[in-house]
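Just so it is clear, A, B, C and D label the chains in written order, and each chain counts residues from 1 on its own.
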Amino acid sequence: MAELNIGLIGYKFMGKAHSQAYRNVNFYFEPSLDYRLKVLCGRNEKNVKEASEKYGWEEYETDWRKVVERDDIDLVDIGTPTNTHKEIAIAAARAGKHVLCEKPLALSLADANEMLREVKKAGVKHMVGFTYRRVPAIALAKRLIDEGRIGAIHHVRANYLQDWIVDPEFPLVWRMDKAVAGSGSHGDLNAHMIDLARYLCGEFEEVMGMSKTFVKERPDGGDMDGGLGASTGDQAKLGKVTVDDATLFLANFENGAIGNFEATRFATGRKNKNCIEINGSKGSIAFNFERMNELQFFSKEDEEHIQGFRTILVTEPCHKYMSSWWPAGHIIGYEHCFTHQAFDLIEAIASDQKISPDLEDGVRCQEVIEAVEQSIEKRGWVKIESLREHVTS
Amino acid sequence: MAELNIGLIGYKFMGKAHSQAYRNVNFYFEPSLDYRLKVLCGRNEKNVKEASEKYGWEEYETDWRKVVERDDIDLVDIGTPTNTHKEIAIAAARAGKHVLCEKPLALSLADANEMLREVKKAGVKHMVGFTYRRVPAIALAKRLIDEGRIGAIHHVRANYLQDWIVDPEFPLVWRMDKAVAGSGSHGDLNAHMIDLARYLCGEFEEVMGMSKTFVKERPDGGDMDGGLGASTGDQAKLGKVTVDDATLFLANFENGAIGNFEATRFATGRKNKNCIEINGSKGSIAFNFERMNELQFFSKEDEEHIQGFRTILVTEPCHKYMSSWWPAGHIIGYEHCFTHQAFDLIEAIASDQKISPDLEDGVRCQEVIEAVEQSIEKRGWVKIESLREHVTS
Amino acid sequence: MAELNIGLIGYKFMGKAHSQAYRNVNFYFEPSLDYRLKVLCGRNEKNVKEASEKYGWEEYETDWRKVVERDDIDLVDIGTPTNTHKEIAIAAARAGKHVLCEKPLALSLADANEMLREVKKAGVKHMVGFTYRRVPAIALAKRLIDEGRIGAIHHVRANYLQDWIVDPEFPLVWRMDKAVAGSGSHGDLNAHMIDLARYLCGEFEEVMGMSKTFVKERPDGGDMDGGLGASTGDQAKLGKVTVDDATLFLANFENGAIGNFEATRFATGRKNKNCIEINGSKGSIAFNFERMNELQFFSKEDEEHIQGFRTILVTEPCHKYMSSWWPAGHIIGYEHCFTHQAFDLIEAIASDQKISPDLEDGVRCQEVIEAVEQSIEKRGWVKIESLREHVTS
Amino acid sequence: MAELNIGLIGYKFMGKAHSQAYRNVNFYFEPSLDYRLKVLCGRNEKNVKEASEKYGWEEYETDWRKVVERDDIDLVDIGTPTNTHKEIAIAAARAGKHVLCEKPLALSLADANEMLREVKKAGVKHMVGFTYRRVPAIALAKRLIDEGRIGAIHHVRANYLQDWIVDPEFPLVWRMDKAVAGSGSHGDLNAHMIDLARYLCGEFEEVMGMSKTFVKERPDGGDMDGGLGASTGDQAKLGKVTVDDATLFLANFENGAIGNFEATRFATGRKNKNCIEINGSKGSIAFNFERMNELQFFSKEDEEHIQGFRTILVTEPCHKYMSSWWPAGHIIGYEHCFTHQAFDLIEAIASDQKISPDLEDGVRCQEVIEAVEQSIEKRGWVKIESLREHVTS
């Protein structure tokens, strides 16, 4: 069996999620490649060494350039803050490595486009980490839509609600620093929703948004370089929040559907309520990530007196991915979106197939993200087309 | 159009519910009889006079015998505490009046049987007030079962949970007095569940129960003759609770199904959670009275990947009773079970049809109630057959 | 006791809802006025005569001008399509009658302002029919907000989803005719949401919207003058839909909160899902009209390990209006928002108090409605202030 | 750091669940012992070899006796069908190994008692696999009860509903063979509920049950020695089902609470709906395993107008186990009950503490299981006391 050596850059939240994924692909699935967790990379030697042992990596490294340059690495997985994605991804592609990059792809659309050009030129496999496509309930939603069960789509209604920074005393962390994260709730949360909307409904035509930063200054002292919550700085000082706490936007899709998107970190009591509802001419689907093993489905094709939203417990063997897990009714957890992503990536590399979502999807998402930002600035609608880079390839 | 003059005995909780029903039949439906709210009857003249005016009755009366004896009364509706049902119902039947009697029918099965014999002998229409059959969602459940959608029934799982007397300081009221109410949670709540189970699943074969009185003495001072909560006595004195706070029982049905029933007034936080779930070979239904406009339905006949419990919002014109109400999605309230009951009763009288549930259903229910009581006493199973009175008619 | 004679204009959907309300105020509440259902008015004599008898009105009338001119009428209740509101309301006010007017107040803000000026000048009581304020769960939401339980408001997230015209074969009815209805989902559904947002959160500052008409032509043949679904025209012909099927908008509030609003008649499977969620610095509330007896409430003031959204069953005696109904856990239906509205109106007239919401609230709502329409046209944000008429009074 | 070498007997459903647990303890937690996945044991060499590689075990073995006899094994984990538990556990204990045994403990109470005597005599650590105690939401339920938040317990209401054998064509598997499994739904599902009730409410005093086998013969051809669903035999032949499809029972607890328990494999549409509700004098808790990251909690100590069942999303760092997982709102899956169990077992061994639940809990549970079986046979109540073996130790 062919081999695949993996190098993972970043060992914190995403590093942990990606590490467990690679460990579990072999445990639950039958991958076509003999892959190895070769090297984990992070800047702090003590921490990355510990993490590499805990998470089952053969080696660790403190300089990502060394990982990218190693001959024995086939896949570079980028799980670091947004501002580092571009440089690492391009270097990896130029070195002939396959690339998996966390979302949002880049600080800017220009950067994202550059990344895409480079991976295309290098001819490597590339993937962007929109893991929600790998939730079995979302895979089922896609199947129902492809089967024509909801008909022509009229509405996409998505909101991604969190509340982890409602408290004004919560300290500044890297996710609130524009230079590192690019944006706040918008790139972090709307990015997921935009990708899901593209996956399930189709391409955006134009958008119109607004954003808000409710708390404009926060105590210093949070983790400014890649984790959640670890406190290091001077808590007596106040620092400036340079990103949005909430971003909302309206949208027209190319197929005539309309959309409503909202991302916020200020929805008290909502922890990770990533909800999407799609209404079509023949039915509807609705999903809430806090109950990620369930999908709601309404069909006008049912007899009239028994129409109603079904709560489908997406744990049956006939549901994508689920025959590899537990008996029906035994739910799976958040981290296995990453397990499925890793499995699909490995299989795509093994069979030399295109991966979805790839960096082109990352660019498409970035176009929408940036169009929303422009629309906020100009206080009017922005066509996605106006941002598109037309490559002659 | 033929006329129907109604006399209602009792003006408290049930009197109010029945009064609004008669007023609303004309408002929402197209009854085949020209009925009139002729006379309301209660012992306390001041109260019954006030109630008769408030609730729209033409006259009031303080002696139920006078109502029963009036030539111009066609239907006697009995909404008084259980211990009075038998005497009033028999007198009414003997006077040739149609009878609607609140549940549970009587203090004992013997009394219930006597009532049934008398109404049969008199040839009048008779009905017992198991109003939950008139919830549109329950009517839909019945329809789905009759359509064969859940197949052969394996399980009935019913519980009726309230919490209004969890507080040991809640005073004694007539519903805790065996001489007036017959039993506690059992006759009050299980009676409804037993009737629903008979309606939806079929006849009971044998039962085995247990009951519990958690609080055995309570302050005097509650309403001892027919309302809820109105305080009149000496609260410093403690009186004895002579009924059950909770009664549970297991059951075998004649058709091979098995049942699990629980009634309690001690389920803290559950206000009127009358739940029934029925599992069959091809599907299941589930209902919760606190969300009485919804029915849950699961069908194994759906394609495998879209099976799930549907939440049917039972407010469509195709749902029984609902075309008389509001547009879809506009729910109706508790009291309209009584409105539907009154409408169905009037229509049955108009068309000279048998009414379901009638006093025979009341007797069948009473048999189960009493069989459970016997099973509690003998600490073993009791066959319903062993209690049945075999009338040669 | 003082008397109040009521004249109701319109006998269809709203006429039915308002009629039951007046009948039930006396039944369930203790109003301070001796009011009478004096006269019901509609253009079709046969229909209005039947309705007046069915709904309990003493008399009927076919010309609303005669109702307004009668000396014995004290309150004119306007339940007709939007295009008639202004003329009737102004005539009633000039004749010295109190006015209750259905929502949306008028076809235009200018009309609404004119109506307001006239009722003010006449010194009569005036109310606009935003009945959702009278849902007990919304009254509880207001109470919780006033008690400071959710703190400073950050988000209002409201959508009102219906699906009654998803089928392109559903015929044209008056609600799709701009000349009669003013707008479609916007005036019909967003009007409610806007009023609730003003009630619970505060005044709008600026808005930005979009709208869509998915089905632009429909078969003729629906009821074009004031009911739902009654078919009269030529179904072979297609007529033009001149209103929106869906209208979405974003909003800034004066207090710094931001809002997201969506109204649609194309959300397949959603029948009357009028949802509002409000997130504040200390808690959140959420409401869904399809489960109108429930309120969701989250409090950060709970101890950390027991924080969660409570489902409050708003049927306790301590909840506004509910002590007049049934024991806890026995839910009420849609129509009783109107019952509560009628009771509150009668009480306000009796005690000579200001009514909320009054025509000024109707105007405020109309400003937002019209600002959204302007924003759609100019594809940019519109300040509410820019539409405000500054009366020197 | 001290070492702990683990030998796991059984490689199918439970073997997979336990294997992932041991692999993940190191990944997510900080165990105090340096444990190793030493040897996996199963009868079929090809299968167990494959499983040992897939699941990360250093070695495999085909004879459990060899595992038990190895000097380098410290902990024997028994994940085989029930009929093998006793022999393996006793041999392991006599060899001085710690023992983790799957539930139900044994085919009979006598066997269970013998096992308990042996592990006590051997002085080894012992644990029984009631993993639901390790669901964070159940740990929270226990905490709330211990904090006195629901007061004195009145009701335990538990049902464990599955539907995997509703189809009469589903073949015979070992779980339907009394000789292998001991009982059907009773030992498999009620065992969990009984343990949870003991954990949360206290000791049983007496029980009264019923059971049913709806389908008495099934096609041969299912996996008869330890997995779910793998078909091997002759499907044309019918074999006899020797266990219950459903077992229900009522209970009195020593502390005055009453209980209602139901286990079934015939609840169409319910996949793994393991529900328990506990009502106390001051509050209630409710749990459904299909939504295992949520706990419902009602408190009478809340102010009256805000009382309601909270849905607590048990994913906060303050919730037991959860600080080791993901940010709040990111749920975990079924298998991690086993991860928590493995962690707690390793910690108990490391610190030489008593483990809960241990084999004594397994015996207590077995007493109730067997008392229910006796009650079914004699059709009357059975005291737990009457089955208890009184060891003088």
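Here, a residue touches a chain if its C-beta (ideal position, glycine included) is under 8 Å from a C-beta of that chain, and two chains touch if they have at least 3 such contacts.
Fair warning: this is a prediction, and the values are worked out from it, not measured in the lab.
The fewest steps needed to get from chain B to chain D, moving only between touching chains, is 1.
The chain pair A-C and the chain pair A-B differ in C-beta contact count, and the higher one is A-C.
For chain B, the chain with the farthest CA centroid is A. For this pair, chain B with chain C, the centres built from the Cα atoms lie 36 Å apart.
Centre-to-centre separation of chain A and chain B, using mean CA positions: 55 Å.
Chain A and chain C, compared by their mean Cα positions, are separated by 41 Å.
Residues of chain C in contact with at least two other chains: 270, 307-309, 313.
Chain D meets chain C in the complex at residues 140, 143-144, 149, 295, 297, 299, 302, 304-313, 316, 318-319. The residues of chain C lying in touch with chain A in their complex are 150, 154-155, 157, 159, 161, 163, 166, 208-210, 212, 214, 246, 248-250, 252, 256, 258, 260, 262, 264, 266-270, 277, 279-284, 298, 300, 307-309, 379-381.
Chain C contributes residues 13, 17, 19-20, 23-24, 26-27, 54-56, 162, 164, 228, 270-273, 289-293, 313, 315, 326-336 to its touches with chain B in the complex.
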